[in-house]
Every structure is written in C-alpha cells, then in structure tokens.
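Across the two complexes that follow, chain A remains constant while its partner is chain B and subsequently chain C.
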Partner chain A sequence: MVIFVLMPILLIIFYAFTNADGNFTLENVTGLFTEQYRRSAILRSVGMGISATAICLLIGYPVAYILSNRKYNKISVLIILFLVPMWVHFLLRTIATRELLQNFGLLEFSYFAVLFGLVYNFLPFMIFPIYSSLMRMDYSLQEASSDLGATNMQTFTRVIVPMSVPGIMAGTVMVLTPAISTFVISDILSSGRVRLLGDLIFNYFEGRQHNVGAALSLVLFMLVFVSLLLSKEEKTGRGASI
Partner chain B sequence: MENNKDNLKKEILIEFKGVTKQYGTSLAVEDFSLQVKRGEFVTLLGPSGCGKTTTLRMLAGFENITSGEILLNGEDISKLPPNKRPLNTVFQKYALFPHMNVENNIAFGLKLKRVEGIKEKKKVEVVVCESTGAKQKVISYEPVLDANGNTIPVMRKLRKEEIDEKVQKALKLVDLPDFAKRHIESLSGGQQQRIAIARAIVNEPAVLLLDEPLGALDLKLRQEMQLELRQMHKELGITFIYVTHDQEEALTMSDRIVVMNMGKILQVGTPKQIYDEPENGFVANFIGESNIISGVMEADYKVTFAGKTFTCIDYGFDKNERVDVVIRPEDIELFVNGDSRPAKDKPAGDNTLQGLVVSSLFKGVHYEMEVEANGVGFLVQSTTGYSVGENVNLYIKPDYIHIMEKEKEANVIKGKIIDDDAILLQGAKIKVDLTALIENSAYDDSGYLVNAAGERIANELDLYGKNVEVTMAFGDIELKDNESEGDIKGTVITSFYKGTHYQARVKADKGYEFFVSTNYSYDDGDRVGLVLVPSKMVLKLEEVEKVD
Partner chain C sequence: MDTKTRTTAISEWFKKVSPKKVLARSYLALVLLILYAPIFYMVFFSFMDVRFMGMDGNFTFDNYRFMFNDPTLRRALRNTLIITLTSATIATILGTLGAIGIFYMNRNPKRVMLFGNQINVVNPEVVTAMGLFLFFTVAFMPLGDLILPHNFAFGFVTIIIGHVALCTPFVVLNILPRLRRINPNNYEAALDLGASPFHALRRVIIPEIFPAMLGAFVLSITLSLDDFLITRFNSGVVETLSLYIYSAARFGNAETMGAIRALATVMFVGAISIIAIGTLAQNRLARSKFKKT
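Presenting the complex of A and B:
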C-alpha cells in the first residue's frame, strides 16, 4: 500500500514543489495560474471533460433506460451491441474516428472532433452504471408509484430518476475522470491543436521538465479527487442504500 | 320490488364478470366472477400459483385482462391504467420509496392529487408577536374572483398544510405518530408494513388491495397486525380485498373468503361456511386439517363409512352414491368405556366407532392423535390425551359429519357385450378383449371366445347382451378434432388447464359425460371424436341376480 499508493503521491508533491536542482520553489504551482498556456489547458480540460460527461449523460440515460426496459433487457444482443466497440483497442478506435470525421469533413472543427472522440470512447462507461442501477430497481416501486396516481412521466421524474442517481454519479465519475486526463484522443483528433492537461503533462515529462509536469499532475489529481468526493457526498446525502 | 333491486345494485362496489387471464397458452385465472359489497372484507385464499395475486393485480391495473369485465360502481375499469383507478395497493414487499423519508412516502399520492376547488391566491404575512418580538409567518388563502365577482372553479393541488395534516392522521392511525422524518431503511419490517398501509389509506381509496401484506412478518407480529388491520377496516369503512395463502389469516380477518385453485374459484363463503361446509376435497384440505373418508350414502341422513352407518344432516344424494365424508380432527370426541359423556349427547353406540390409538402427540394446547378404527385412520385433536395402544371410542356428532360429492377419478361407462370381441358403448361398437372377463378363456383362430378345451363359450355363458362396466382413466381417451375419426362423437362442455395439461369434459351424443386429459385446449361447444384405447379399458361384468 505504502509503496504503490503513498509513495507516488508524495513523489509528485515533492517534484511539484521543487525546481530542477531539487530546491524548494512555488514556481511550478504559481505557474499554473500565471502562464497562459498552462492555465488555458487546465480550463480547456475541465471544460471538455464536463461537456463530454454531460453529452454522455444525455445520450446514455435514455439508452440505459431503454435497455433496462423489461421488453428489451432479455435480448442480450442489444447490450452486447454497446459493449463490442469497447473490445477494439481505443487507439485503433480513435484513429478510425479520425478517418470517419475526415470523410465527413468534420476534422477541421478540432473542438468538435475531440468532443466527439471523448463521447464516443466513454459513452459505455456512462451507460453501464446507469443500466445496472435501473436493473436493480425493484419494479414494484414503479407499480406503487402508478398505483398512487402518478402518470408514467411523473413516475419517471419522481421515482426512476432519483433512484438511479447512484448510477448517474458512478457513470459521471467514470466518464469525467478519464475525459479530463486523456491526451491521446485530443492529440489524434485535433492533430495537436486542442491541447489538454494530459497532453501538457505528457509533453513536460517527455521534455524532462518533471517539476512542471508534476505540478500539472497534482492539478489533475485534485480534480479527480474533488469529483470523487462530490459523488460520495451525493450518495451519503441521499441516504440511498443501493 | 324495482326499488329493492336498485338498492341491491348500489350495494355492490366491485364486480368481476367472467374475468380470464391467459399467459401464452396457460390460463392463470379462468372465468372469475365475483361481487364485492361496499365495505366488505374479502379474502382471496389459495396456494401459490392459484391465480389470487393475478386477480388482485388485474383489479389494481398492473395486468391486462384477456377477457371479461371488471366493474367498479357499475363502470368498467378494466381498460384504465392503474393511476386512473380509485384503488390503492399495499404491496407484498411494501415497495416503499427508499429515496424518500416516511413523510414523503405517505404524501406521494396526495401531492399528485387534484381536488375540486376554487382559484385562490396564497398570502403570506409576517406577524410580529408583541410580547416576545418573535416573527411568525401566517399563511392565508384568498379566493380569486372573475370580472363578475364570482369564484372560479378549478382542480387544485392539495395545500401543504392539508397534506401535512392527512399524513399526521395516517401516521397516528398506524400507530407511528413520530416517524414522519425517519428514513425508510431505519425502519423494521413491521414498521415498514405500517407505513405502506398508511401510504395507501391516506388517499382514501374506494378499495384497499392487500397482497400478502403480512407474509414477511414473524408469527407474533403477524397476529398483532391481523387484529389491527381488522380494526382499521371497521374504522375506515373502506372495502378491503386481501390476498393470502394462510388459511388461518383468512378465517380470522375476512367477512367472506374466496378459495381459489388453478385459476378457478372453488368456493365463496363466510369463514364459517368455508370451514364447516367445504364444497370439495381441496377446500376441506386447504382450510385446516381434515379427515376425508370414502363413504356411501345409504339414504337421506344416513351415511356409511369405516364399516358403520352414521346419522348425518345431509340429504339429497342418490341412494348408494359414493361420497367423501369430511370430519375435522377437533370434531371427533374420544372416550373410553366408563367415561361419562355429556348427557346432551346421544346414547352410547350411536355414531360411535371403536378404535385403537396409534400415535399421540402433545401440541401445546391439545393432543393430536391418530386412531385406527375398522381399518380407517382418523386424525383426532382433543384436550384429553390417550396413550398409544389404548382402546377408545370415537363419537362424531351428526352436525360434524360433512358430506361431499365424490370427485370423479375415472370414466365409468356402462356397456353391453354384443359379440365375442366387441361391446356396445354409447351407441358405438368398440372392439375389446373379453378374455380378461372369463377365466381360462382365449380367442381361437377365427376370433371366437373359447375355453381351455377350445370350445366356444359365448352362448353357454349367455354372454351376448350382458352388461359390462368399463373404467377408463382420463388420459386413456384421445380426442380427435374431426368427429368422424372417433369411436364416439360428442361435444366439449368445458375445458380447463390443470397445470400440465387440459381437462376437457365431453358430453357424448348418447349422454355420458367423459373426462379427458389432453394437451390441447378446446372451446366450449367444439365437436370432437373420442377414441378409446381398447388395451387401456378395464372391464367388469355387471352382477346380475340369477333368476331361476
């Protein structure tokens, strides 16, 4: 535990607050806010991550809902259909996405291309937690709701959605975390024009600027930590036992 | 007269008219017809899979009906979705919303409800208390008037104060007044049950449906809740439809019990009627333990079983009709010679059997003993215990002897021998093997019945024209869709699903009613041909008194 969990974190912190000579400095951290290049990459990453997560949720929830419907959930083919793309290596998938977008002339719009790539890659991570939380839901709750006078829409908004919040939270974390930290997808789909946090970290470490890279990693670490914390809060706050 | 009829109609709140539910080829509920009066407590009782829950779910609207009608206040509700039916359900596993607290669970239905009212404006005033200086919000409602100064009728939501008041009242009714803010997970099973009941009755439904609501509770709590539910039913005056497989629960709580099995109603009656006068073996067995003994009706009020003729209170059976006799274990009185029996009873000897105690077990309140008398084992419950091996007398009061028509176990058909190898049965010539009827007989090469010496015996035995009794199991008769392919032609009277196969009643054109097991479903009125498999027939010569 200590070696594999604490040590890397401590090392990152150590590097983030030292310069190339190993002396203490706040330069790396303050640079995150002062240097336009780094700051915009951070904001871009967060923005892209949140947008991709929101789009995944908008597409993923209805899909998960339909898949969990008693009419379709017996047909495992449908579920596998959403799994199969995940069996292809994501690098290959992303390169294929690039070709596809190029064919439609959409590769010019770099932001769109990256966002498309993020959503396409991470959508299953949104669908499956929601799907499993919907599947676990006791069907009699929906019957009870309708028995008490709720229309299908009211049952959806008052029972089904609130009950699937743990699934939504899990899906959000599972999409947001890799979406913020990805670098290959943005690199391939924008040909390096949309630089995200992950790209920067990669570059700094490649360029042997470990200290700046470590500071950026620390930012990423904090972002992921905060998003996990938020989802925890949400779960305990609602007292849902699922 | 006319008026009376109208009143009678008003009394009836729910009416099932020939309701049938079919899943694929199997019938879950078949031709269910029942009337429930306003304010009645009706229990659907039966083993699991008997269709009782399906019936309740069709009433609630969770299952579509395949055919028939469900009337509420005379209007067909069978096409309405559950949220449009003025009924509420208490679910088997409570189905409380885990993401809401107790208060919000109970208020769920109230928040969706719209009531007739007038358009109003909410007014909030902050009043400062003069003595303490504390500020207090005072909420009042003022009617909104139209141009002519009249109030405007609208369907309005319930106000928060109204909802709160109803929720509090419901919580008080289920005896959990301080539980409003509690989380569902923090409640015990019994408390969840009460909240589920509160959530349903707070909507003041016309009918409360309860689907085995006490099934998950332990015995003591269950008994407590039974009494409370009964009490609630009296207080609220709401019609209760209760589903259970627990006969004791049904007997304790209900005004009327509907006993079901295999999707069909077997008997409807008050608990006392169901217990004392079961109409068939299934009901007798299902409602408490019973002794079911084969007997013969000698005459009205006289039945013979266990080798002795008893006085009973049943009549109207055929002379010498074979019947089933039902006697409850607690209705048999045991005494040994020398014991004094209460004077009100008939003198010793009448309705009394001699028996031997085979086993005896103390069950806490009573002894449960097995007593054998004339080869028949009787289960007896008595507060007085007798020990194994003791000779006892069994006395059964005429009132406690219940006679039921015997259920048909096989087709028994009368026929006539018309040839060495054929009988006439229901107007059809059926080839049969008669060797089974006559000892040491066989068929010769030309097909004549011969004795061991090879002599033809039909004439000697005066075989032609003799009556035979043919017994055939339900499964040994085949039905043909094309009537001319059958030995005997007939019409299907009824056909129902028996879990693994259909059982059809076919009335032959010559009058006999055949019971046939078949894999196919037939409609009433279908013309069919019956093929009798000769090898499966059991023949018996009818005894004819010799006239010399």
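Presenting the complex of A and C:
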C-alpha cells in the first residue's frame, strides 16, 4: 500500500518541480498562476465543481428525504431505482446525454451541457449518503420534537437537517471530487469547448509534457486534500462540542 | 358505475392522498424520469439504423448483429473481462487482508493507515492515473528491464495493477465495519481451543465477513468496468471496452455508434435482471427464515 499510495504522489510532486531534463524548476508551478490558459481552467473547474455540487444537493436532498420518510414512501426497494443507471457505463450515459441534449437544441450552450452532465452523473452519489444518514436517524426524535411544540418546519430545520450533516458532508466530498477533476464528461458534452483541469492534464499527458501535467495534478490533489481535511475538522469539532 | 358513485370515489381518493404526498411522489417521478431518459433513449435507438439518435430511421437488429461480430469490440470485451475479473479478485483478497491487518493495529498506526486509505478513496482518478503512469515509467520499467530479457511495456500488467490500486481502498472500507461487528471472543475462543492463528482466521473470521467480501468484489467489478482514465494512461496498446466507447464517441461511424447503443441496452438489461434476481433471492431467503422460526 505504501508503494502504490505514497510513491505515485511523491513522484507527482517530484515531476511538478522539475523540467523535462530532470532539473529543479518552479516554472510549472508558477505557470499555473501566470498563464491565462491554465489559470482560467483551474478557476473554471472549481466553479463548475461547486455549482454541480450545490445543484446535486438541492435536487438530491428532497429525494433522499422523501425516500427515507415513511409517510411518503412505503416501497423500500424504490431506492434501488436510483442506483440502476449507475450500472450502465458512465461513458455510454454521457454519450446518451449528449445526443438527448442535442435533440433539444441545448448542446449549443456548452456550460449548461457540461453542468447538466455533471449533475446527471453524480446525483446518486449525493442521494445515497444523505439517504443512509436519514435512515439511521431515530424516528422518535421527530415525534419528541413535535410533542415539545415544534412546527413541522422547525422540526425539519432544527432536528432533521442537523442530524443529516454527516450525510451531506460525505455526499459533498463524493460529488465535488469527481466533478472538479472530470475529464471525459466536459470533453464529450462540450466537444472540447469547455476546458477543465482534467482536460488539461489529459492534453499535457497526450503531448508528453508530463511535468506540466504533474503540476496540474498536484493542484487537484491539494484541492481534494484540503476538502478532506475540512471534512475531518468538521467531525472532530462536532465531537468536541458534544 | 354512475356519475354519483364515481365522484364520491374520486373525492374519497383525494381525502386519502394528501396534496403533499402527491407533490412528493411526482417529484420523485420527475427525478427518475430525468435519470432514465437518456438510457431509454438509447434503448429505443438501438433498434434504429441511424448514426445519431433522434434521426429518422427504420427498425433493425443490425446494431446487435454488428456488436456481436465486430472483432475489435470482441477483443475489447475479452480484454475487459480478463482485466476486471483479475483485478477485482486481487483487490478483494488484498483489501480483506489489509482490513484485517488495520483492524488489529494499534491506535496510531491505524489512524495513519486509515488516513492513507482515505486519500486514495477521494483522490481524483486523473491524479491516480498520472501518478501511476509516472511510477511505472520511473520505477517499474527499469526494474523490469533488469529482470526480464525483453522490454517490459505498458499493457495488461500495468492496467491490472492500476485497477487493483483503485479498488483496494474501497474493499478495505467495505470490510472494516463488518469486522467491528464480530464478537472478538470468537477468535480468542478458537485460539484457546487449539486452532492456529491462520486456521482461526480461515474458519472464524472469513465466514463472518464473507458477505462484505462479496459486496466488495461486486463494487470492485463496477469500479474497474467504469474506469477510463487509469486504463487510458497505462494501457499501452491493449484495447478495452472503455477505450472503445471513448473512441467511438469521438470519432465513431454509424456502425460503431449503433453498436454502442446496443451495448448500453445489453448492460442496462443485465443490470436490471441482476438486481431483480438479487432482490427476489433475498425475499425468498427472508421468507424461508421467517417460516423456520
């Protein structure tokens, strides 16, 4: 495990700080900020990732809530229906999305198309963690809250949502990571017009400029690492307050 | 039925079904519709002789015929099967052993290992793919050249190693919660009764975590099948299903595009039948248990 986890990451760092001849250089890293092309790709990726995650949360939370609520949903296997599309290869799904959008004339709006593709592909990743955290919740807590005089809305905002925060965090990480780093989805849905970080890494890889690719990978890795640390922080902070 | 009873029946139904419930159900239906629309679209056009979906065409089975006869696609399918099954098996074994090892570790090394595991789970696939590629070029190839007489190149071995590296952390995450639920006394009892540690592992722990291992195996298969980037970065000249689909998406002609739709249909039907069989089997199992007690 040490070999296959640590070594590749160390090598990425090594390559990010060297040029093609193996000499030390900061060029690749500073290039991330000075070169318009790369900087805008990074910003675009982060923006796309965050908006896709927010939309997934907005659409996915009600789905998870309705599915987990006994009042609305008595068929427990219904959740499986949200899982089945995941079993079809994601490239096939993306191609289908492209041609469907094309027929509605929506493929012209590249940003919309990519965002739609991201949300479409990663929505289940948001629904499942929230669903399972809501399912684990003790139903008597809701009853207690309404017995104590809370309105339904108050019960929802004060009891149910705070209890599902771990699910929301897990879902956010699971959507944000692939959405920031996606390559194929943006490539297929915008025919290369919306360039994200993943596309750039892939292009530099194809062009045999591994050092620049490594520097970009390092940025992605740092982004994800920070979000991972933040989610850890959240957990320990909550633990301390209890 | 006359009008009067019909209206009462409808108002009864409205009393039973609150508007909130209707709203909730229609919302679920809408999301499901969006989730399934592209797939059904593909299934429908898999029976049409057109290059792009949405064009006018005639009903045909040609796409399926082409899918089964195209030598490139068949080779890709065979390679994918080999890669997926091999890497899922290795990942399940490695991950299970790793999970057991981590479970019995002391507190601090355990935390380090879990964090390392977590990094690999959330690490974007591009980064893993890039890292593995660099790793193979820097460390693996020179070593291979030393040991093997002919040149060691990117191919099956590198893809399988890459997929194992991708799947193993997920296997560990699947197995660990199951290990926590085992009564630790069982293992101790086995040791007290004279079993060797290996024997106790095989006879006591493995049977307990077997369902989780099965789940991890299925998860590994899905991950490996769905992977594109690790394969693309480390494949050399080996063709797999993902690469075939990607190249068809970018530069496909009418025949490959049709074959891809047929492939999607087959995958979708396969997924539905596997899930249906699984649910039925589970229900039957639950019922037979219920009868016994």
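By definition in this document, the second predicted complex is superposed on the first by the 233 of 242 C-alpha atoms of A that agree within 3 Å, B and C clash if a C-alpha of one lies under 4 Å from a C-alpha of the other, contacts with A are read in each partner's own complex, and residues count from 1 in each chain.
We take it that a contact is a pair of C-beta atoms (placed from the backbone, for glycine too) under 8 Å apart; a residue touches a chain by one contact, two chains touch by 3 or more.
A quick note: this is a predicted structure, and the numbers were derived from the prediction, not measured.
Colleague: Just to be sure I read the superposition right, which of the two partners does A:Leu106 touch: chain B = first, chain C = second, or both, or neither?
Modeller: neither
Colleague: Identify the partner contact of A:Thr177: answer first if only chain B is touched, second if only chain C is, both if each is, neither if none is.
Modeller: second
Colleague: Check whether chain B or chain C contacts more residues of chain A in the superposed model.
Modeller: Of chain B and chain C, the partner in contact with more residues of chain A is C.
Colleague: Going by the contact rule set out at the top, does A:Ile50 touch chain B (first), chain C (second), both, or neither?
Modeller: Neither: A:Ile50 stays clear of chain B and chain C.
Colleague: According to the stated criteria, A:Met135 is in contact with first (chain B), second (chain C), both, or neither; which is it?
Modeller: A:Met135 sits against neither chain B nor chain C.
Colleague: For A:Leu228 in the superposed arrangement: first (chain B), second (chain C), both or neither?
Modeller: Touch partner of A:Leu228: chain C, not chain B.
Colleague: Answer with first, second, both or neither: which of chain B and chain C does A:Gln154 touch in the superposed model?
Modeller: So A:Gln154 only meets chain B here.
Colleague: A:Ile79 in the overlay: touching chain B, chain C, both, or neither? Say first, second, both or neither.
Modeller: neither
Colleague: Going by the contact rule at the top, pick out the chain A residues touching chain C in the complex.
Modeller: 1-2, 4-9, 11-12, 15, 59, 62-63, 66-67, 69, 71-73, 77-78, 80-100, 102-103, 120, 123, 173, 177-178, 180-181, 183-184, 188, 197-198, 201-202, 205, 210, 213-214, 217, 220-221, 224-225, 227-228
Colleague: Can you name the residues of chain C that touch chain A in the complex?
Modeller: Interface residues on the chain C side: 21, 24-25, 27-28, 31-32, 34-39, 41-42, 52-54, 98, 113, 116-120, 122-128, 130-135, 138-139, 161, 164-165, 168, 222, 225-226, 228-229, 232-233, 241-242, 245-246, 249-250, 260, 263-264, 267-268, 270-272, 274-275, 279.
Colleague: State the interface residues of chain A toward chain B in the complex, per the touch definition above.
Modeller: So the residues of chain A in touch with chain B come to 138, 140-141, 143-151, 154, 158-159, 162-163, 165, 238-242.
Colleague: Show me the residue ranges of chain B that touch chain A in the complex, using the header's touch definition.
Modeller: Against chain A, chain B makes touches at 60-62, 81-83, 87-89, 91-93, 95-99, 108-109, 112-113, 183, 185, 199-200, 203.
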